[in-house]
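Heads up, the next two complexes both have chain A, just with different partners, chain B and then chain C.
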Partner chain A sequence: MKRRVRLLAAAAGLLCASMMGTAYAQEVPAKGGTLNMIAQPEPPVLMVGLNTQGPTLYVAGQIYQSLLTYGTDLKPLPSLAKSWTVSSDGLIYTFTLQDNVKWHDGKPFSADDVVFTADKFLRESHPRWRLIATTYVDSITAPAPNQVVFKLKKPFSAFLNAFELSSFPIIPKHLYEGTDYRTNPANQTPIGTGPFKLKEWKRGSYIHLVRNEDYWKPGKPYLDELYFRIIPDSASRAVAFEKGTVDVLRGGDVEGFEVRRLIKLPDVENTTSGWEYYAPLVFMQMNQRSMPFSDKRVRQAIMHAIDRDFIVRNVFFGQGKVATGPIASTTLYYTPDVPAYPFDLPKAKKILADAGIKPSEYNIRLMPLPYGAAWDRMSEYVKQQIEQLGFKVVIQGVDAGGWSQKLADFDFDLTFNFTYQYGDPALGVARHYLSTNVIKGTPYGNNQNYVNPKVDELFALAAGAVSNDVAAKAYSEAQKIIVDEVALGWLYEMQNVTINRKKVKNLVRTGIGLNETMDEVWISK
Partner chain B sequence: MKTLDFLLQRLAKAILVVLGVVILNFMLIHMAPGDPASVLAGEAGAGDEKFIAQLRAQFGLDQPLYWQLWTYLKGVLTGDLGFSYRNQVPVMTLILDRLPATLLLTGCAFVFSLVLGILLGVIAAYRRGSVADSVVMTSALVFYATPLFWIALMSVLVFSLHLDWLPPFDMESIGANYTGWARVADIAHHLVLPTVTLGLFFTAVYTRLTRASMLEVMALDFVKTARAKGVPKAQVIRRHVLRNAILPVFTFASMQAGQLVGGAVLTETVFAWPGIGRLMFDALLQRDYPVLLGVFLVTAAVVVLVNLIADLLYRFVDPRIEAAS
Partner chain C sequence: MTFFKRYARNYGALIGLAILLVVVVLAFAAPLIFPVSPWQSVGDPLLAPSEDPAFPFGTDMLGRDIAAGLAYGARVSLLIGVISTSVAVVIGVSIGALAGFYGGKVDDLLMRFTEFFQTIPAFAMAVVLVAIFSPTIVSITLAIAVVSWPPVARLVRGEFLSLRSREFVQAAIVIGQSGPRIMFTQILPNAISPIIVTASLMVATAILTESSLSFLGLGDRNMMSWGFMIGAARTMLREAWWMSVFPGVAILLTVLAINLIGEGLNDAMNPHLRGRKG
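Up next, the complex of A and B:
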């Protein structure tokens, strides 16, 4: 009997302990606190309708909002739109807006702001939205103060993926209507609907945001204030994290070798999640206007000559994953079922020999992407590998302005680039392969001159599909053709690492990572 | 020549030099490949041809070059340095925001290096061949030869990260909101590492220059005469040798002073110092023409002004110059 009582007591004790453990595990979010981060490089402006660079989005993502955001599975989630419907023919998109939303200056937010943003502001200042609006949108109306209706001219399968902050930031109509958007003084004092308001921007030093007391989500945000420090030197940024001056390091804030060291610090955690929507993918751009790159066998040989795993491991310190084709593995409609290009130097040489190509007859100008030491190392490695095939390669260094100019003028043989995928191939991928996008004067299109009418047709079919199955089938076929023809030389998918002190909770919640509104972030006491 | 005539003549020349620098810079910047429209279009994520053309029209880059230059010069003459394409702020505002931080840093480094350099140079010359001389000259050689960025990073590592004596970056404690003397002390605390880092190279130069110049003068007959007359050695050094030996140091100091605005890009970068050097570097990468031209203009004006002041001071330091002219 006594034994049974002791057993019962022990069981009860264990139960209590486990319940207490659960209670501790489910920490209640604490209000208050300051979160210190780094904005690198310093954003030129915080008006996200005019500049969608990474650091601008990082800071302005706390000030401005869009209609939707996206989970790590890329499914749309509510932001300023609380719900939405799509008509069965895929032509009418109706968004119902959140209630009681105010701009930071106290003026009410309404559907008129969304219509102004879509029809006026972004049409003029945002090339990506202008392309969508011009090609697909027939009308944008506000039948009720909390309802916006987009009527399309023809179905666009990616339309619901185009409402994230960098693609569709909502702008206050009362401050911008009838003004010159670029010189509007409101650009210096951004007014949004987000959880934080701009308190002070000391250029070259810091950006200080404070809690928006009238934020539309009751009880949020948890944090009192955010500081974005401007620390131009990478080594100094690592010191800032190590010393606890900043609590968060965004992917790219510190060099790859520092990441390896910093993630081992006590009370520090890291994640590669939060980049699913953007899914940056690095590739080689080979100018196909003339030999040797006009011959697809040369492009195939070069793919075999480069050990992409080596690049990921040794140049980018493991912060990436070898890419299999044009669509990143986290993006919708990705298929791994495409021709593979394993590192195989003898095979690469054989391809060239079988094709009767004499590499020594060609001089290749290799133009590195001027984004820092790691990119330079990659250029040197690629040069070395291509030279092993017998080509003569000369590295032609330029700065960022020169790089984009030469790319825009098609004045290059081989260069590197990367693209954000924006969740759907129609938004971030197709632009590099459509023959209609071979446009001189712009640096971010199909500058390598890849032309295949079948691929154009498949991309058009997928983009206009109402059914996901039709889109998936068309994208699968397009990927196989593009990879077989090596339209670009895909190298790797960037896996940027976010590092933060463990006390910072709920930091990365969605597929847009740190650009997400930080209204759920809190600091454990 | 009377000082006033001299001054007017030099001022007229200075204005011509600055104007020449502005025109030359304008032409050089526009010759570089790439323009702000293509860089901005890239930042927008998908610059189409129409968007780039629209930006060029907005910035006036679609106008003929001579017309752009004329518009710019007209603006400069009325005190308008233009509007930053990238930051969407008047250039003058951006420069005036950053200039005080740079002047504070470079000014402190200037004074630090000049005072310490001359002092060490005098000691080394006074005690020529001694242990002190060897220590000073070896240190000077080391700091003369060591790259500035390495000194900067090592000083952060030692004095900030390990010893925790000095703040590693920023101009003041962000979020502390100090006022009055507390703020002055806070800024002074933050100034130590960047000032010493920036000043060490010049300290080494001044030390070597002062020592060499002093030794040369010390060998002259008038010094021996003074000593023979019984004037104490320290007094001879202070009143006769140093006064005569200071001219080369003075020449070099005027060259360093000319770099007060643009000479601290690296130090500002490592120590996150919110100065004009970093503004210039970013503007260069982004092809922000108006900001670049504005910074170049201010830099040129400071160089010319400092040279003018130096020329005037020469006449004061060495009256023989005025007599000769």
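Up next, the complex of A and C:
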């Protein structure tokens, strides 16, 4: 027996050696198999037009699709749209759809579904699309069953970046037209065009998807089944991966120090790729309505007082990169050419002294972001650093609802927040700095009350630019001003790590990572 | 035989007293031994115990000294234990004394009120109170007091009921002493021993409750407490055991010490047990 094994191993070795010359990627994808993943926390619903939280997107990305997806370089790639053209004045966008696409219930997919989605469903239920649609879109029409035309009122340089799954999921018209979207029973049995269909959702236990036999890409998907397991405890999730119960860990599934341990296991690979489109950027939000934060020198001093490298290394265990400004380094129009704020306590104290500010006169309420232990530790660290400048800091613990409420009501001094960038500053960045976006009711606007008409003007110029050079120039100038004035205290760019067993192939292919349709993913035997 | 001699016959009680003394000294001397705040990073993160002689108990993930955390945590634990117990005893004794002495409708009313509190699980109620009033040291202390007075009230009521019918009390009534005077000068001194024993054990329970609240993230975020240290370190148990083990041992020893002292007080104060250890 033992000898036979050895013989086999030798034969396999020879085979491998002979294949070395040819490219590794030529390995033929195997059909079949089950991929086990974790949905953390359990999504409230899988209808992605109504809920775009992380775990919802992760699961629903296999059921629903959008017109486009984006590469790791943020270039648009075909999804339900086969090709697209943009008129030279930047006002007319024409999408040609894939052929032979069917909904999971067998009904044909057509341009009418896209028009319904854009003009009715998302306009009503999706805040980001609603803003784009009302500001820029003049009309949406379907001149042919496989063609959709968006006519804009004025050019919008980020328009082609707004068709990713969480921004523009295509909804079946025949199930939703004329209904109340939120209470439609179809929300419980999601019907999409994606490579997998929902078979069973056992609440608190797992979500089971199976292969869509009528998928529009012939011969795809390779996998037969997907399981998204629900495991509420972080340590148990790490154990589930170690034991092989699950094959994939998404960024955030396990704590930072566990990631360091798990990526060293044999047969395991990891990547930080697959988040380029979202590029989450973490920052401090300082309420500029009153002293001390209304003075830009205080904000500059605080930037110098915080060792952001320490935060990345010791609070988030290396899973990040110190941010230089409002735009993440993977997002379009990023420039590193902005004022820098190295960790320098004496300099921070000098800035305050030169400004004649007495820190001990101020009591700062620090409201932690209630997302778990690492965020609490970051609050403790920042408190201790600011106290070294002489400010009095009190940590004000809140739950998730309280955090979002207080931030939305502008009832805070200092807090933390992070933002998805959605590939283009006009979609995910500008909203935090435009004076027109100082609005109560959302935690994701210009809640700190940063007002600079010049910045407003530059963002408007860039968003309306037809040429990329004009946009790039305006964004560079805006970044310099914003960083000099420390509109927000940028801390770091999150680098979420995806960990998977090596046998899972083609897992992360695009800039939206695991939310991408897994029609190319396969498991080697 | 003096009180202390009777107390000292219980060796466990002596050990308990010794441990508690160490904790009390540590709590008072914390700012002298560790002049820097326990929240301040002072060393490299995640140093194991004795890896660096400056930090015999190691450091946590932000490089904060675990030893400093233990010392400052002792302050919070003792402060909350003593104050919340005092408040609970005052409430419990007042209600129990009134109910036991006057009886009748007053008794009915006060005991139904007490039972109302007793039917709600104490810890769950403490969690709710702290969550409503936002976690500060004051709200935590009061929440613990509010959930721990009912047993004292029942105990005191029982004592008062039985003592009220004794002859010396009836004599006091006959010579015309007022109700409050009888309660304070005649009955209470005779009921004091069980109250002291119960109170000493309540201090231990209060410390445990505060630790549990902090563990659940409902502690005062500006005070370093043992429960908070364990709660923050729990997820890293496999990587850095010292972060949760040392505060855990501190809680264990302190609570054990107070229980031993309570036992010793019980022995020393209970006339029926005099000579038990002889």
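Worth pointing out:
Just so it is clear, the second predicted complex is superposed on the first by the 501 of 525 C-alpha atoms of A that agree within 3 Å, B and C clash if a C-alpha of one lies under 4 Å from a C-alpha of the other, contacts with A are read in each partner's own complex, and residues count from 1 in each chain.
Going forward, a residue touches a chain if its C-beta (ideal position, glycine included) is under 8 Å from a C-beta of that chain, and two chains touch if they have at least 3 such contacts.
Not measured: the values here are computed from a predicted model.
Between chain B and chain C, more residues of chain A are touched by B. In the superposition on chain A, A:E242 makes contact with chain B only, while chain C stays out of contact range. By the touch criterion defined above, A:E255 lies against chain C but remains apart from chain B after alignment on the C-alpha atoms of chain A.
Legend: residue contacts after superposition of the two complexes on their common chain; A:G356 is shown touching neither chain B nor chain C. Contacts of A:R130 after superposition on the shared chain: chain B is touched, whereas chain C is not. When the two complexes are overlaid on their common chain A, residue A:P346 makes contact with neither chain B nor chain C.
When both complexes are overlaid on chain A, the residue A:I230 reaches chain B alone and has no touch with chain C. When both complexes are overlaid on chain A, the residue A:I395 reaches chain C alone and has no touch with chain B.
When both complexes are overlaid on chain A, the residue A:P453 reaches neither chain B nor chain C. Once the two complexes are overlaid on the shared chain, A:S205 sits against chain B while remaining clear of chain C. On chain A, the surface patch touched by chain B in one complex and by chain C in the other comprises residues 235. Contacts from chain C toward chain A in the complex involve residues 37, 39-41, 45, 61-63, 134-135, 217, 221-222, 232, 235-236, 239. Against chain A, the residues of chain B that register as touching in their complex are 32-35, 38-54, 58, 83-84, 86-89, 94, 97-98, 101, 153, 156-157, 160-161, 168-171, 174-175, 268-275, 278-279, 282, 284-287. Residues of chain A touching chain C in their complex: 234-235, 255, 257, 261, 310, 314-315, 368, 373, 376-377, 379-381, 383-384, 387, 394-397. Those residues of chain A that touch chain B in the complex are listed here as 34, 41-42, 44-45, 47, 50-53, 124-128, 130-131, 166, 182-183, 187-188, 202-206, 208, 227, 229-233, 235-236, 239-240, 242-243, 245, 398-406, 408, 420, 431, 439-445.
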